[in-house]
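Presented sequentially are two complexes of chain A, the first with chain B as partner and the second with chain C.
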Partner chain A sequence: MKRQQRIRIIFSLLPVALLLCFVYGYPLIKAVTNAFMGFTGKSAGTFVGLRNFRIIAPDIGKTIWTTLVWTFGSVLPAMVLGLALAVICNNKFKGKRAVVAINLLPYAIPLIIVASCWRFVYNSDFGILNVLLKELGLIDKSISFLGMDLALSSVIVARIWRALPLAFLNYYAGLTTIPIDQYEAASIDGAGPVQRFIHVTLPNLRSVTSSTLIVLTVWTFLVFDIIYGMTGGGPVDATKTIPMRIYSEMFAMKDAGTAGAWTLIAIVIMVSITLLYWKLDNGED
Partner chain B sequence: MKKLIAIMLCLAMVLSLATACANEDTPATDAPATEAPATDAPATEAPDASDEKVKISVLRPGDEEKVRAFLEPAIAEFEAANPNIDVEPVYQSWAGWISLYPTQFEADTQPDVIFWWDNKMFDASAHDSIVNLEPYLSEGFTEQIPESVWELVDCGMEGVTYVPSSVDSFALFYNKEVFEAAGLDPNSPPTTWEELYDTCKTITEKTGKPALGVPAITGAEVLEEFVALFVTQSTNSNMLDENSMPLFNTPEGLEALEFIESLVPYFQPSATEYGRGELRTACRDGNIAMFIDGPWAVTTFTADQGVNLDASEKLGIAPVPQKDPANPINWSGTNGWIATREETAEASAKLIEFLMSPEVLEDHHIAYGSAPLYDVEFENTEAFGYDYWKVFYDSAANDTLYGMIGRNSATPAAYYTALEEVWQQLILGTMDAETALAEAAAAAESVTVRNQ
Partner chain C sequence: MLNKISRPVRVLRAILCVIFCIFALVPIYAAVIVALTPYANMLEPQLYPHYFEISNFRLGAEFILDNMLNSLLYAAAATVVTIIMSIPAAYVLSRYNFKLRKTTTFLLLLTQMMAGIVVLPTLYRILNSFGLLNHISTLILVYAAFNLALVITILNGYFSSIPKGLDDAAAIDGCNYMDTLFRVIIPISGPGVAVAAIFVFINTYNDFIIPLFLLSDATKYPLTLSIYSLLSDTTIRWHVMAASSLIGIIPPALIFMFFQKYIISGATTGAVKG
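Let's look at the complex of A and B:
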């Protein structure tokens, strides 16, 4: 490539590079530096070392655990169910289009509306779930789905419902690209439906699985709206994930330092998970 | 074709940006209506000469329909009487305003006159903007507000920085039908802690229903205020001192928490799913027997029973039970007016005085369901000619009042967040009173220490 051409390419990419630095780079650097700065009282505007981490230290273990349970508890079932639905919809049957459309419906609903709807579903007094269970004679007293013991599981179910369409869509698109002759060859070799699924379908969906897993993990890890709308992070700390902690530190405590500390923890975990996924994926290659 | 599409997209992007950045004069939107230039300059035009019009903006957060109902006629009347002052109303929901005000104060685009909280006078975002109105208010203006209310809102700032407009003290709301079903006299609600405990026990044992509703939903301020009622009744002091250090870590504070702990078996199940709104309907429908709330609950009851609740055979309102009936103490929250710019302080003070005139204040209270603040409001017998309003008024005028937590702190909301987890555990019965007291004191101290 000629020097002049290189210069032209560099200059043409420069505006985008600057824009990206501004949009992504600056907030990232700011979030990281905030974690080591004071924002309250006498320490405001000064470097405070690890003070912000010391303040949040008692909550770090429990919050990370809750966040991981929330993330993987939502993502893995959503992927499995999405795959199952995609396999079903990959067959020809009457009303297939309607089923596909219904499967995609949750994805069209804003998260905060999803949260409100599910809150009503779980309500102890008039929630449809409790009413249904009572009508069926399965329970006498209402179950407190958003109480201390079940709150995390309940918000996870809502998240699965919301995440499922993405997994379904990706797998459904992936299934349509698998060459039919691979299935025919496997059948000729005597493979049954389960063997065809394990030895033909799954290997062909590996890249789809990998990308969907990364996207859903990152999105779910950072989801705030569903938990905020359904439980507000409570009761007590039952559903306090890292994004809930960031919100609480930033807006209730008005401490961008401790919010930055939580953000840095989130970044480290996210990067670790993503690297792990890539490593596993490359390892299998 | 591709070039054409690219050009069209670029044009659309530029137009979108230009539209988004435009400074439109749209008072009914989320943005404040003041003519704020997109610079650091103050949002309001300061007068250079005495005959020049002063423009001020006023915000009363809340349901826009209700706010418009009293604010727009009041502004029209005020402008007619003060032709050199233009008043621009700004509308915001409470939730919208809570999330917006820090950035508005930071950018100096906040309205000139704001309906504010008495525990946010030292709020880090707003404190430096709040103006002392004393030099601008008419002589004798402050005397029309009861002394107990001034004491309640005194946060140590010099002069008159906050004019209380509504004083919302707690009362006991109860369902008479549940009382009757439990064999209790529906016209004798509990007046002391002992009676409250006995009533709760009898109701739950006889009817199987939860006796007392507790608002323990996450993310609201309601649980702290419920607990604070009992704690302040026991300690006869605010929750925090003027340095924002806890005052409740005492034997009296423990006594209050132990009393709350004794009531746990009689609270409604899944208490953390309930805010005040849910408790109002639950009591109205007879699913719980009693709950403690401010005058905001009256509208739920009057919608069901008509405005004359005194004659209701179903629902009743009574003073909150006291630890020591000889020295009645109540929790009370207030909202009131503040001015936020020196250059428009005179006009702002005039407007606040006008909004505090008995006629306008009465309309404000009727529109929003607040209890009367002035004695003369009771002359409107159609709205306030009922004994139940006296419950709130008498409490505000005669009881020792303790209010919202964190009034001397730069981060008042932080105390609610810090204490919430502890109080929820106490209410759910997963933490005993002694541990809750120690944990709550430590949580409050940690917030204060952060701000030092």
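Let's look at the complex of A and C:
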């Protein structure tokens, strides 16, 4: 019986394990070792120590800064807005179903189409945002939203648009789990709506907030499609986050070594966030 | 909720709802305007559609339909493969307490957090050296790999909620292991399997980065890659790009509408990536 069980476990998990090792495990190990190997010129195929990191060193500070601005500049507003919308939708009112459905729509769309649609908003000739601002008399000349100065903010707004529904859904589900008698008790103690929100709603949403924050953070910092489709990392390197660096080192510079170095940086950040998530998720047992 | 909501609060709520909806619809509205504009008039500023060039949608459809069909086929194939691989794995994880169980679930979580850009450039080099690029079967397996963790997690949750006593009862009735799994457990877990399938389908249909690395043959492109080829043209055919983007949205938008209840239940686990 015991032996039979072991055979069952092995045979059930083996196909999954093999596929995941080939698609995730092997490339990850390879990328990490590549980070310390040479791929260009004379050093091709030899161990080069930290040379790849020295090559990318001048860009590391700026890239990590861009990645942080991109990540938290979009995750935090998306969560605040998602919470606001969830609080609004926590009551019954006419048209609520339509409001929920419309606000879920951005979550259904392929990221590359998100990029495509936002380019119609930002275009400097016919983009609807420029047309609107001109119509309102706020500007005379078109703003170049995807130009050097504004590109990062513009892609961040597109990311907020996409991430808001996920935050909304999590908070929306979280709000329904708050026991109603806590609100009643607070009301009896004379708490107004604002105080009830601060002392009852927010504390009850703590675990939803931390899990949403972590999932959105990991996925946002590794998002590739939106930036690739809207700016390609440019102009120059205005929107070059870590994923864009990995891509350009690998395919523009054709250097698997420096690409590996960036990948290693990404993995370290990602694994630490996942460990944090795991700790929170399994905190009780 | 508790006390009656006063009139000013109701008005404020209505205003906020409108603002949220406008924000959610702006990019799609912008795409609709462009999709209705003849190419020659493209540079004309329009706040609302001035034209009604419906033939753009014919151009868009002609451009995108084959690739959309590819996408739907890949998504269906990836869904079947992922579900078949996940069912036994999730069942074992839900029923047996073995030594590496915790490690296995942690590694699965790690792959779920991992985005394509971390592994795909290197996977591309590996597959290239084996001559495995540009094969549909490779593509489907990689799609499956990217969704396995999610599906196993969802199914594990469902299977765990089924009392073990049911397995024992089935065993007493003479069911062997496979009978129990396929004739008792899976039929009860119908909704769980359905939810998982919906998410794999949407994730695969929406994915861009996996085929970006694995396919170079344009006839095999899924929808997302051909939309990107429009985006990256030197002279962008804006009208075709807008029309085909809007057409491409239809399948996932329909799935979201019909299965909204399931989507909401699955969202807490971050089931649709990105």
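Assume the second predicted complex is superposed on the first by the 245 of 285 C-alpha atoms of A that agree within 3 Å, B and C clash if a C-alpha of one lies under 4 Å from a C-alpha of the other, contacts with A are read in each partner's own complex, and residues count from 1 in each chain.
Methods note: a residue touches a chain if its C-beta (ideal position, glycine included) is under 8 Å from a C-beta of that chain, and two chains touch if they have at least 3 such contacts.
Every value quoted in this text rests on a predicted model; they were computed, and no experiment measured them.
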- Message: Using the superposition on chain A, tell me whether chain B and chain C clash or fit.
- Response: clash
- Task: Figure out whether A:I269 sits in contact with chain B (first) or chain C (second), or with both, or with neither.
- Result: neither
- Query: First (chain B), second (chain C), both or neither: which does A:G234 touch?
  - Reply: first
- In the superposed arrangement, which partner chain does A:D125 touch: chain B (first), chain C (second), both, or neither? both
- Answer with first, second, both or neither: which of chain B and chain C does A:A191 touch in the superposed model? neither
- Item | Touched partner set for A:G41, first chain B, second chain C, both or neither | first
- Query: In the superposed arrangement, does A:P106 touch chain B (first), chain C (second), both or neither?
  - Reply: second
- Note on the structure: Max touched-residue count on chain A (chain B vs chain C) belongs to chain C
- Message: I'd like to know which partner A:R162 touches here: chain B for first, chain C for second, both or neither.
- Response: second
- Query: In the superposed arrangement, what residues of chain A touch both chain B and chain C?
  - Reply: 125, 232, 251
- Which part of chain B faces chain A closely enough to touch in the complex? 99, 102, 124, 216-220, 269-270, 272-273, 278, 282, 287, 410-411, 413-414, 416-418, 420-421, 424-425, 428, 430, 446-447, 450-452
- Where on chain A is chain C touching in the complex? 5-6, 8-9, 11-13, 15-16, 19-20, 22-24, 26-28, 30-31, 34, 81, 84-85, 88, 90-91, 93, 95, 99-121, 125-128, 130-132, 134-135, 158, 161-162, 164, 166, 169-170, 172-173, 180, 183-184, 187, 208, 211, 215, 218-219, 222-225, 229, 232, 243, 246-247, 250-251, 256, 259-260, 263, 266-267, 270-271, 273-274, 277-278
- Task: Show which residues of chain A lie in contact with chain B when the two form their complex.
- Result: 40-42, 55, 123-125, 141-142, 144, 146-148, 228, 231-237, 248, 251-255
- Residue ranges of chain C in contact with chain A within the complex: 1-3, 5, 10, 13, 16-17, 20-21, 23-31, 33-34, 37, 42-47, 85-86, 88-89, 91-92, 96, 98, 104, 106-107, 109-111, 113-123, 125-126, 141-142, 144-146, 148, 152, 177, 202, 205-209, 223-224, 227-228, 230-232, 238, 241-242, 245, 248-249, 252-253, 255-257, 260, 263-265, 267-268, 270, 272-274
